[in-house]
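Here's a structure for you.
Letters are used for the chains, namely A, B, C, D, E and F, taken in the order the chains are written, and counting of residues starts over at 1 for each.
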């Protein structure tokens, strides 16, 4: 990792990202062929938010939030700040003051593989946060890192300017160049799901709707009565 | 594990299960001699639900929800679907569409050692879920498993038709043949607890109520003043 | 560990502790030079509480809550009960009946490195709890331990009578003799944060307010355009 | 769980178990349709052992080894002692003295979901142990449990008298009534693996040997050159 | 992730990779500015190996090793196979038969974020493995994935053809284009370390050698006697 | 935590510590009433060492080893260096160069709640290490901490000058003022264990030797035959 602050990365089209965010994390993840999910380790501090935006990334040393301060300056309206550390750590590198600064710049939320604090205050001010930990432990501002370089969080590569979507199911990244195809795929999936939902409400089974009875037979799954099984 | 779907297992009496559910998980667990608890790893996606029902079980391959679809068909009103995987996994094998299908069949909730998704939608539709993880990661429908065979979740054996109760304290299983004794034991415990609650409100101590002063003495626990201890 | 119940340890001044609690966990932790935080492993069972009080401590054997009963008697109005175990364990050693007893004695909440149960009932009665686990698993009353001896939770030493503060960010301990300096430090920090908040709202950057541009330069962090970085 | 010591459970035929043990854990697990594995959480304290025997089971309270002492008396030559706790715990409930006692009774090893200690001494005396933890933390003898009841470890049900096999890959249980079929299946698998090993040594590919090229095509996996992929 | 098998990716120069491997993981990681380390979660199944090679990558579904078979065909002498899964899993997707096949193709070892089995046999045949788990649990061959696409393991991006080095400290990746600069940096670091080692052996302190006394003073670290500190 | 380096703390008598170390961690832990064990999270990088010495302590920021360098200077022959971090971290803050420096000062080993690297080299030079992680990830030297202040590792308080013992069972701390009583207690326990070992070898049971049959009866544990249990 070079110790750089990269300025003005190209960003995904914000209007398109906004539309994408409405579909929700799970739908978009599916629409992209089940890719881009940042894993179950990132959770919202409070349930009930759904956001989307363009990524500004920051890489910090564990226990150090210097590069978050450098990242704030690179943020624009519509961005989501994505913070990671060079090795695992849970310290509360982000809190209400930084959120105030981000909000003043039009940033929509924070996603971090580390920790956050002031979560009551963040909730009160309506600034949504997804993190791996809540921790009051403070950090220093002593070590170099990077801003707007590609980062990996939860096994996913996030480039600055990529679309980042988050809700109660977690966080998904959509590469900048894939936003349009994700939009199309998500809409198609939504339509398909709406039809399935109606069918399921009326009692149709997934076994029939998805043709799974043949699959079960092909895999050798047998139907037996309880008496046969237990006897 | 045989790759089977077992049909029509005998179920615990639903009226009895309904009564049992009112006592709550902790009370029933105590009434059964402190057995049957599925452990602290299973948490509700949202606090505030309390359910009970009869178990339909499904064993899936990690990353695969084929057998959940097969299990849906085996569900009846009053059931709780219990899903586990052959090895640990967190993928979101269950979401809002499957919940819609289960609801149409009168199922009361889901308990899984794996992951769930669409948790905002599940909450909105009032379908309660206890799981080890929330994950948007999707699954395939490619590998055989089993439905309505005995499974273990959190170190507890769950047979199809057993009573499964869940609330904010987690999940407890009551073997089908033990529901009546659990009912009697829970009522007795409830009465005992009500009396203790009254006494504690008035200032009586557990030390006195449970005769623990003698126990402490027998174990050699001494009372010393701070001055004696620090001096 | 001696098997003792220590009576009447000196306690921090409750009026001062009450003032300290209003600052919140993160602010007090910072004011004490970033010390005393019990780590991200202790979480409130429900979000939204903020308490402070003087510590009564209990050390239990895993799976055993005998010493909690002994500790209740040592509690006074304004105390917070702090429970730990001799080795890691998640069992629900504390529930609604013990909370009823503590409330009758004026205790403000519970902090435990172990597990709690009856969390719906605890929430309903407004008794706040911070714990490492929620578990319905019951405990016995069979093994000696200690009350009001120094304990460590989350790497922090807690002496009986120390101030213990807890909110949505977790739990912090302030040594009894440091409460006054923590008060002064917290007030100073609050004032400083209020000024920073105002500045950040108006768009000032942390980079400028904290003089971090020089730091970045000193550490060799370079600013490059996206074109330079990618080219 | 009833607080009982069950005497003289029927055991799998020891000669058959001995033959089964030679195949190793992975082969037997496969031969039984990929069932019975106790998971990656149980590890040998030292690499290099391979044992098999008939299970004697013990259920202990966390932090308490009373029931291990009761279990020792129930052991016979050829047994493997399987210890679990009512809730998770890592304390060193088993050490060199208990191993000396077990060895005097002809027991072949220990499998535990908890902790062990004296591991240097256990290695020196050649008594193999598979556990979830190594911990010097001592235990009491104060709480009831059970011996020779069915237990679950790592999600697998183990009944007294079942065959338990362990090596560097972990531990597998073979139900008593399935030992013969496991023997036949393991031998068949061994023969098949020997043929595959020879073929692989000579450069044949699994793709061809197992007919996987068609599978890949059916699943839509495409072959592309690096130039096509990157271009 | 597209479901593709990418053929013939360009590889780092093997002679250069071989030289790099001799420096060891920690030295190369430092020489690259403390980047590329795959984290403490990947451990060798047996201590004592040190290898290097060019990456062939495989992405599998959890519980499925189909794509490992596809990857074998893409391997050449000097490669290291790097396997990951689309979501976390510990199943033993790799064992002695696949190692036999890889060895026949001149592959030097395996690195996986998942599980391996047959570890006694792998050790006996001298095929080194770094993994997150040892598990006898078997896998199916049912789901599509990818070969020779970029993957992330332990937060590091690995592209096919990159240099992968592994020893008792874990695994490090060196991007293909950085192998030469890593070689130069590692040699420089080795020389510097040799000089430091000599100095330390003779009693010189890091405080003096690295000029840290001034740093301590600048950070406000005070030297106090025990009497001053305790008094 | 004050940012101080405390010089010349009083140390436990080294001759007494040396005698104590011979008893091993588990025996000394028991002799002290089952106290002082640093938990199962600290493991030796290689099995087979047994050491004892007097503690020099260091508190570092995560990802930073500046204070280890300051601690080296405070070490004397017979010391064991104990390193912890202000919040959890796994980075390899200690390696072969620091070990060379410690060895030159007569230090016997390292105990750390963090990570170490160069473990092959450390093993080769015979410098024993107990740690929570092995990680090649490097650290900076940028942040203040403390040397020779009381620290907590694994829930145990360690003061500079305390006796620290370590072997394959982990690490135990004996407070400086308790070394003599620990010596006496350990010798008594050793004698008692030798007698028990002889008895167990001859077939006596713990049930009889420790009078546990009465305990089992008192606790209501019943003996039942398999037929009674299963019938």
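Definition applied: contacts are C-beta pairs under 8 Å (C-beta built on N, C-alpha and C of every residue); 3 or more make two chains touch, one makes a residue touch a chain.
Just so you know, these numbers come straight off a predicted model, no measurement behind them.
Asks: Does C-F or A-C have more contacting C-beta pairs?
Replies: By the number of C-beta pairs in contact, the winner is A-C.
Asks: For the sequence-identical pair chain A and chain B, determine the rotation angle of the Cα superposition and round it to the nearest 5 degrees.
Replies: 120
Asks: Averaging only over C-alpha atoms, locate the centres of chain B and chain D and give their separation in whole Å.
Replies: Here the centre of chain D sits 27 Å away from the centre of chain B.
Asks: Could you put a whole-Å number on the gap between the CA centroids of chain B and chain E?
Replies: Each chain's C-alpha centroid was found; their separation is 41 Å.
Asks: Give me the residue numbers in chain E that touch at least two other chains, ranges are fine.
Replies: 2, 34, 39, 86-88, 90, 135, 137, 142-143 - these are the residues of chain E that touch more than one other chain.
Asks: Mind giving me all the chain pairs that touch?
Replies: Listed by label, chains in contact pair as A-B, A-C, A-E, A-F, B-C, B-D, B-E, C-D, C-F, D-E, D-F, E-F.
Asks: Which bits of chain A are touching chain C when the two form their complex?
Replies: So the residues of chain A touching chain C come out as 2-10, 46, 66, 69-70, 72-73, 90, 92, 95-98, 100-101, 104-105, 115, 117-120, 123, 133-138, 141-146, 148-149, 160.
Asks: Would you tell me which residues of chain B are touching chain C in their complex?
Replies: Spelled out, the residues of chain B in touch with chain C are 24-26, 29-30, 34, 37, 39-40, 43, 47-48, 50, 167-170, 172, 193, 196-197, 200-203, 205-207, 210, 212, 215-216, 219-226, 229.
Asks: Would you tell me which residues of chain A are touching chain F in their complex?
Replies: 61-64, 86-91, 135, 137, 140, 142-143
Asks: Write out the stretch or stretches of chain A touching chain E in their complex.
Replies: Listed in rising order, the residues of chain A that touch chain E are 1-2, 33-35, 39, 84, 86-88, 150, 152-153, 155-157.
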